[in-house]
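Lettered A, B, C and D in written order, each chain numbered from 1.
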Amino acid sequence: GRFGEYGGRFVPESLVPACAEVEQAFTDAWADPLFRAELRHVLAIYVGRPTPVTPAARLSAELGVNLLLKREDLAHTGSHKINNVLGQALLARRMGKRRLIAETGAGQHGVATATAGALLGMPTTVLMGERDIERQQLNVFRMTMLGAEVIPVTSGTRTLKDACSEALRHWVTSVEDSYYCLGSAMGPHPYPWMVREFQRVIGDEARTQCAADLATGTPDFVVACVGGGSNAAGTFAGFVDTPALLVGVEAAGGAAISAGSPGVLHGFRSKVLQDEHGQIAEAHSIAAGLDYPGVGPEHAYLADLGRASYVCVDDAEVLAATHRLARTEGILCALESAHAVAWVIRAAGDGTIPPDATVLLTLSGRGDKDMATLMELS
Amino acid sequence: GRFGEYGGRFVPESLVPACAEVEQAFTDAWADPLFRAELRHVLAIYVGRPTPVTPAARLSAELGVNLLLKREDLAHTGSHKINNVLGQALLARRMGKRRLIAETGAGQHGVATATAGALLGMPTTVLMGERDIERQQLNVFRMTMLGAEVIPVTSGTRTLKDACSEALRHWVTSVEDSYYCLGSAMGPHPYPWMVREFQRVIGDEARTQCAADLATGTPDFVVACVGGGSNAAGTFAGFVDTPALLVGVEAAGGAAISAGSPGVLHGFRSKVLQDEHGQIAEAHSIAAGLDYPGVGPEHAYLADLGRASYVCVDDAEVLAATHRLARTEGILCALESAHAVAWVIRAAGDGTIPPDATVLLTLSGRGDKDMATLMELS
Amino acid sequence: MNALETRTRAARDAGRKLLLPYVTGGVTDDWGDLLRAAVDAGADAIEIGFPFSDPTLDGPVIQQSSDQALRRGATTRRILDEIARVAPPVPVIAFSYANLVLRPGADAYCAALADAGVGGLIVPDLPVDEMAPVAAAAQAHALDLALLAAPSTPLRRCADIARRSRGFVYAVSLMGTTGARSRPHESARELVRCLREETDLPVVLGFGIAAPGQAAEAAGYADGIAVGSALMRRLLDGATTAQLGAFLAQLRAALEPAG
Amino acid sequence: MNALETRTRAARDAGRKLLLPYVTGGVTDDWGDLLRAAVDAGADAIEIGFPFSDPTLDGPVIQQSSDQALRRGATTRRILDEIARVAPPVPVIAFSYANLVLRPGADAYCAALADAGVGGLIVPDLPVDEMAPVAAAAQAHALDLALLAAPSTPLRRCADIARRSRGFVYAVSLMGTTGARSRPHESARELVRCLREETDLPVVLGFGIAAPGQAAEAAGYADGIAVGSALMRRLLDGATTAQLGAFLAQLRAALEPAG
């Protein structure tokens, strides 16, 4: 539960036993070959894993590097979120829980949880800020189609961070029969650890694929975008014991590591965007999934250790990268994932990535959800 | 080029040599293990093939049958269209062509072709009816992002069938350096044959998966929706030499086989919706991809032979099936694919599919593109 | 030899360049009058377009005139009735589409055409490889089924087309749809030359001939011209029958040898 | 033993049920007056809420009063200045959040609290497992760090909480957030009983006590009550300081043994 000075379990006493129960259950399940086989099976036949690693041939040629894309955009529901959600939903069922609770910002994690709820026949409640509901009506509709109940959160900024708070509150009142399915590698222990373990399938697969299928060996750079940081955590997990340079790319307006300071939010200690008094700041990013003022505690730890570097890119670079990847590779990626692409473009240009270096980049999701945003900006 | 009395090459003389060139090139390529290996490689590392076969556990339990879903919704760009498009684009490159031309209705095939064009660095022109452009602005924007040029078609009904005509006209004027990438198992010879061959990967994979991974052996029923009919053609190709009953599901308002008569349209002879004078009727379906008055010639032939059955379902059944699959399996499928689901629901209910029969259903695409339509109707 | 071909050969042999105007059947109330005006302007035969809902070969002008005719209720039957009523004193050639022919059946269709006095048939989406049933029916009803050859047609195929065409051979002047464009490519001249080596049928050049200058140039190497979009463009823009007749007369004049 | 705990034990030992009203610091211009009114109404200590942007534990009422206070510019410094100015004659307990404590550093934070005359501290998102650094700082500045126990807390953990709490133990009456609800569960009575077995500290019941009847019932088994949302609801609805004082007086009366 600790990543150096980060992590922990800063929750109301009412929830401590629930977190402990999840911790115990996950520890048991993760050591149980049957549970892992069940999860592996669902990821294979339902999610479509393994997702491929695609060499980005034309963009690589333009940049003078060897860019490989780990294709989480091809996973069922369109992003890596489903890896974690199915893991947690299977765990919830194993724990005898009957219902799922989730928070969501732009709706991606909400849709993924609603999907898992439908698949396993578990009623699902999604907490979502009122402002986000207005902005993301299609995802709200998706969740409803999947049978989930979407509860508007009217407090605070009426966005993701308030939905996170409300989800914890909601869990308190229903902890007996409900499981809180948290969407990123954050929150109270065991969530940051558990979510990273459920997402490490990204990194583990990619490592094997780079070595075996592509014969490129270990990449020189491993790059992923970081909001809460689950796709990066899962990717890095596969390469942390290799010489690969790990790079997490934050949104300039939500750069908890690059611009934040240690703080406690939503049950864990990490880097957060806050003012001098300890009030949490609002994040701003064109990518809804990076629009969060905190970051998973393991990333704060890896940054302090120097094992991973964290950089940030601005909205303009992200837009340019989105268009460039579309035109050169025929892939419309999520604006979140485009942060990683934007950094690679910049770093290949300024020599931070040396010529002919191999770069593995996790494309965390597809861009369909962002088309309306992109259209408005074009 | 002939499927019984259907098929053929009913095109202006100007295009006959171009069709013959495509036929020759495809015949060569398809016999060339290197070409097939290249295509197989791209389908694996770029598209994410093989797509899984997912047992629909909860819906199966409700229906009392064993329903398996072949998950083309997980393919890159969200449907089976990409299988064919990449095959043709690689062929075009092999032929030394520099540009791609495609027609599109709702935009799915246009997006797929624009994707292939971006991947291979081939300028792409997409012909699209003016009315469809108004209705499908997001897909138009997608194509533009992928670097394609979208040309509005202002003739006739300004929809798919006019785009098909215009694509043929456009091809005539640029046949030297352009390749016409047709989107379904229709059009002049060799297209119906070639597209079926490029889509047979669906059926071949599914057959292996049913037998090996799922140990269900050969399914009793193999079901797919039919518009032009490429996903059905590709699926059926894998099972045509088994005892499986093949069922193609048409839209009630676009049922060329169930309600049409032999005719010639867009370069081939098949069943078409037409009036007594031979004027082609407009089709109407909630699923844009089935909104076509013709059908691939092989389907007309299989229907005459009795080797496959063709049935139709109406829009209301399709909507109900879409919602039901979402709530029971966590899969938001395309309205086209939901036609196949709707028929299975009906047929399991009335005993056409006997209890405990195994049904393989090709889920041709995902439903993201249909969310706005579904929202309006809810 | 059927009536159409007799007529086209005779003209050619007499040194007269053929003028084949095209009129979409049913495009206006008084389209029948235009047939007479065309004859008066010196047409040697008249192509009557049978409008089809999905005219793959046609450019924007003929698409528009076809749409207009269909909206006005044009059908094969009504167009044939009007042809029979007008009974122009030159051969009439039906310019159709495969589905219009095959829907009633090639034999019934050809019989109806012959009954109305039609002498020839062009089906642009019925290439030589697909023509057999229609060719047999046409022959049975003394209709000349004229075939098209295009600049992209390979030599050997040109020979086949030339051999199996009846009435004349329709040489498509350029790679494109019907409609007035810039002057025909050099390829048109080459195509006509190839066809001549294979047949002594008259070779008529079509597609993209819009002005007297182009007509005169075509007359230099082909046996005549077909003119459709240029005529229909003027009609759709509101030209009177007299004005259309005058336009055709200009083309006729341009086809005559200078001096 | 610090001042707060001396006071709570003395009251309990005297048979007096504790009344701990909660006021969000900075919620209105004259919130300082409310402290005096609370004392006049019989408060034994006062909880001052330090508003946090993301109050995970709080229900809608305290969320709203916190938002209002933050919009009015409330900061730790300003709230402490007002507490020091008012200097109520009963102990003041800071009701804070972990990030407000850790941002300046636990020691600096506790020093500032002590300087302003604050005697106790509650940090609801700082469970016993995470308390060590803050507990040390509080002890160093003679602040009582009171811990919460909930109906879901297991027995062994109750013992740990009871042993390490200072000033009193805050028994959370129900599984939920702050805010007036229906009567506390039977579980509240059970929780208090467990805590009593582990400690002789006073046990104060909080969460969901909104009316004199509930207060009286709680007095039957706990050593006192905390009341926050019921008071803040009235304040947000526009009640005057006098009216709020009268409400607290009602609760005070309800806590006294009948007769």
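The criterion applied here is as follows: a contact is a pair of C-beta atoms (placed from the backbone, for glycine too) under 8 Å apart; a residue touches a chain by one contact, two chains touch by 3 or more.
If you want to know which protein each chain is, UniProt gives these names: C, D = Tryptophan synthase alpha chain.
Source: prediction; values computed, not measured.
Peer 1: Which is the least count of steps on a path of touching chains running from chain A to chain C?
Peer 2: So the least number of steps between the two chains is 2.
Peer 1: Average the CA atoms of each chain to get its centre, and name the chain whose centre is farthest from that of chain A.
Peer 2: Result for max centroid distance from chain A is chain C.
Peer 1: Indicate the whole-number Å distance between the mean C-alpha point of chain C and the mean C-alpha point of chain D.
Peer 2: 97
Peer 1: In angstrom, rounded to a whole number, how far apart do the mean CA points of chain B and chain C lie?
Peer 2: Distance between chain centres, rounded to whole Å: 37 Å.
Peer 1: State, to the nearest whole Å, the distance from the C-alpha centre of chain B to the C-alpha centre of chain D.
Peer 2: 66
Peer 1: Give the residues of chain B touching no fewer than two other chains, as numbers and ranges.
Peer 2: Where chain B is concerned, no single residue meets two or more other chains.
Peer 1: Spell out, as numbers or ranges, the residues of chain C touching 2 or more other chains.
Peer 2: Not one residue in chain C touches at least two other chains.
Peer 1: What pattern do the touching chains form: line, ring, star, complete or other?
Peer 2: Topology of touching chains reads as a line.
Peer 1: Go through the chains and record each pair that touches.
Peer 2: A-B, A-D, B-C
Peer 1: So in the complex, the part of chain C that touches chain B is made up of which residues?
Peer 2: 52-60, 63-64, 67, 70, 75-76, 97-104, 124-130, 147-154, 157, 161, 172, 175-177
Peer 1: Okay, in this complex, where on chain B does chain A touch?
Peer 2: Against chain A, the touching part of chain B is residues 44-46, 48, 51-55, 58, 71, 73-76, 78, 114-119, 121, 137-138, 141-142, 145-147, 213, 322-323, 326-332, 368, 371-372, 374-375, 378.
Peer 1: With touch defined as at the start, can you tell me which chain A residues reach chain D in the complex?
Peer 2: 8-18, 155-156, 161-162, 164-165, 168-169, 172-173, 175-176, 261-267, 269, 272, 274, 276-280
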